[in-house]
């Protein structure tokens, strides 16, 4: 039986706790959260105890930690958990600054522990199937990637102010998808954007709509378009053109009902938001983490991936702020 | 230059005249219609003259006639045109009674002339592609056919009263599709139906919704569902299950616009009605007729096909009226 | 805490056990199966004990039983569990004979216990959404239902021989869908069919392809087409035409990948078979059962529904065997 | 009767001649082409005469000219036809250099003649429907446009060498779509690209894959991706995100057949290439030209639009060549 500790009992912490509970041979022993009431409630649901960070990390029976606390705690918890020899599952992003993220990566390397970053999209059935078919050579050599990544609505401006900006908060996922799907690194990044949905976002120094272009070392092209507010819901698609064909990853829908009226033929909107859209992905990534821990399966999303995505987010931010093409 | 005469200057006559005008090496010489004003207008548009039936049939320069007049004139015109040695294109149905239709078929046989029946659906790009792929063996041996055939709205009851009933007026096309796609003949027919949209249709002794089942000599199964009123428009689909797969013929739409709103994702309704849906089919069938006339290409829809479809319409009518399975 | 006993530890029993385990406040106490090894394995997975039928029914702490054993045991277990005052969840069909099914229904009525039949399709997200939208009046008055229900491959002939025939084994679900969606009862049933995929099925006195037509008391029409072998997989669709529109329930797919090749644009086949297609439905029906038990929510699928579906299966069998329309 | 002259009897000239012939009250009088054999053949088909440029422009009975000759002749023919007082329909682009295109626009302005540029995509049923729905306010204020524009295969390198480069030859259409759909002008342009399909294209100083980003004066964003070689065919899509929804213009397909096999569910590839895809658009634009000439309907695609699209193509070329963001 592997015993685990969870840091963070918020929305995403609850998802991870439930998925962790479904792993055969794994038990949630501790829940840690500064908001004790939340910790207590979640711990009770899963027969776990509420403890502090120190106690969780000092308990030698704890083999794995799941970091789902606020972003500013990630790097520090990684460093400490690594030092304690725990296997680490950490929500994205590693940190909002490259220096701290690098420090976390170094600590992981030095300790030689497992550290998986929660880029859950790589575990989505549709996205993973595209990757597998691409690797199987179905469309030849990849040439061009188009990513559409749109939220149904903007978070509160208070959140945006501490989010690190849209490139680190929202596009971090898309940058990871880019690296994973094209299997190549960026040579140049160009980013532009606008504030079109809420002036308060602009006043907070951020964008709510962006257009990013990446050219890779091998000359492959990637365009990413994002917005904080797609009136029709959560839009998560990409398409990859290869030398002999194309693969598209489409949205998922709640049901397969089609309605014919006097006006049109209509289907469901996409799944509401990330909790619904990536439900299967969250389950699969947790299974993957414990599979890596128990069976030594290679990790699909490492702390290195976390660093590289952050690097791209930094480059995009610079490109937008300084209105120039950033070469990497 | 092949010179042709057109009988009937109504809605479908105009379509045929325009398609005839597009055939290279063919010229519309005469337009015949009891409604002289319509004849004159259509003749003028195409540089043709208005004459009577006799004059049209007695002119030896006329090699081909297109019969698009009212149903009750079809059989007689076929008999007379055959006797005059003309190649005949005749709108469906051959007649509302089997005896008269048989007489027309006999006249054609005796005269040895070409006689094509306007089952335009066989010339529709989508339907024809299904047939071609079926013949190429793409889904193995055909086993089961489902036909959905729905009009957007019922015609006036005055029309329904002289239409021969829904099986001869509307399902005649579906019976032809059945024979063509399954490449087999009916062993038994079961038909039922209801009057659900307008009581006046029932009072006129007809149905507005039907469900027909045909079992073929080879044991293949066919189900046809029809209605006079589909609120969402003209619905023309079928699907054929084979031993190794299935082929579906779907509706055509005016545009390929997809709209995402806060409520749903929607596309266009199907093409409005038969003139729009089968525009390409009407053009292709006229080209086919003159191709047969000039180059001897075998006819795809003969007077025999007209007879067999009528036979099925009769059997279905009997099955419904007498509430029994009709064996053929 | 509600304690429950499970009869049957086979394929479907395992599904029910897992879903039962997810209900908050419910505990699987006993697993009963003549095949002790299976019972032991499943019991161990869920911390339950292996006992015999008597012990399970005599334990007053058992409030609910789940009957997932072989069909021939259903009616008897219902009768005994009802007599013991247990709430009953029973897999379809109630029995293969109307008399025994009626006896079970009578026992339930007399005991005044809850008895839910596992017509899981009514709990499928897509099917349930169609029903809800229909009830909300979205397409007006229902007029015509078309059901396509096809298995990916036939079971062994040994199974077919004891299955009660295709109408009771396979179409029982479709008959239930018919009653539920049209909210009406059959006035007449016509069924025909063929043996097209495997002569051994015909030799066993059964069909592998059927075409059924039902006309309801209100004159509504329903056509069902089924086959034991759809080469492209498990095909579970229906469409309901109403006076002001149409609703279609489409297949579910494993992923939303679309592939563009030099030959075609392709998507996934439907979910492989019923365990995949109805995964969500199986979970929802078990939640519904305990919701009814705990909160008194009205059952969506009662033993009466089981009886009525069986009645239709009998009528269809008679129609096919005696080649006549059966009036109910 | 309006008499017209056609310059250019090649592939696109033939399309225009056939569409011109379908206009009621319009007659093709002259065909002009340096390749006399082609001119003769096309003239004969439409009952026209073969003449030289001078004779065509000097004939006062000629009210309209259609310029479908090689790109390097466009500007000169526009200038001369304008001076002769003819209404002008000219294929895109106006010219490969801004100076000459401007001179042509000036000549048109000075002469006060009608001059329509053949951006046929604006007349495509799907694209035009998106524009109309956008204008009707269906998705609120436009915010973001994504254009996918891919050819099925590259033209010969000999053609590419005189084409003006991919931005002027291929993206000229997409730049026009951008201006038309967003109803705004570019503030900045960023273009990058690669040579991925054929090194000979790169050696000729051109690209075969591009990624362009435009930010408009109102802050709207546009991303265009193109390639000379999409293995699956001619891909012509765009999607426009608005403040209250999204509209997508999808590909057209030859038929609506869907095939279910043991491996996948597949549909037709998009229409083969521009002649097939834009067949309806070519017909509609010619009707629009004569409608403007006869009835004074405002032109949808003027010589000014031709100039502005060329300006964007120049800016994109510069952005790519000099690896910088171009501000307009």
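Just a few scattered comments:
Lettered A, B, C and D in written order, each chain numbered from 1.
What we mean here is this: a contact is a pair of C-beta atoms (placed from the backbone, for glycine too) under 8 Å apart; a residue touches a chain by one contact, two chains touch by 3 or more.
If you're wondering where the values come from, they're calculated on a predicted model, not measured in any experiment.
Contact with both chain C and chain D is made by A, B.
Placing every chain at the mean of its C-alpha atoms, the farthest one from chain C is found to be D.
Between the Cα centres of chain A and chain C there is a gap of 40 Å.
The distance from the centre of chain A to the centre of chain B, each centre being the mean of the chain's C-alpha atoms, comes to 58 Å. Multi-chain contact residues of chain C (touching two or more other chains) are listed as 139, 230-232, 244-246, 259-262.
The part of chain B that touches chain C in the complex is made up of residues 139-140, 143-144, 146, 148, 150, 188, 190, 192-197, 209-211, 213, 215, 219-223, 225, 227, 229-232, 235, 241-246, 323-325.
Contact residues of chain B toward chain D in the complex are 125-126, 129-130, 133, 138-139, 244-252, 254-262. Taken in their complex, chain C has these residues touching chain D: 230-233, 259-270.
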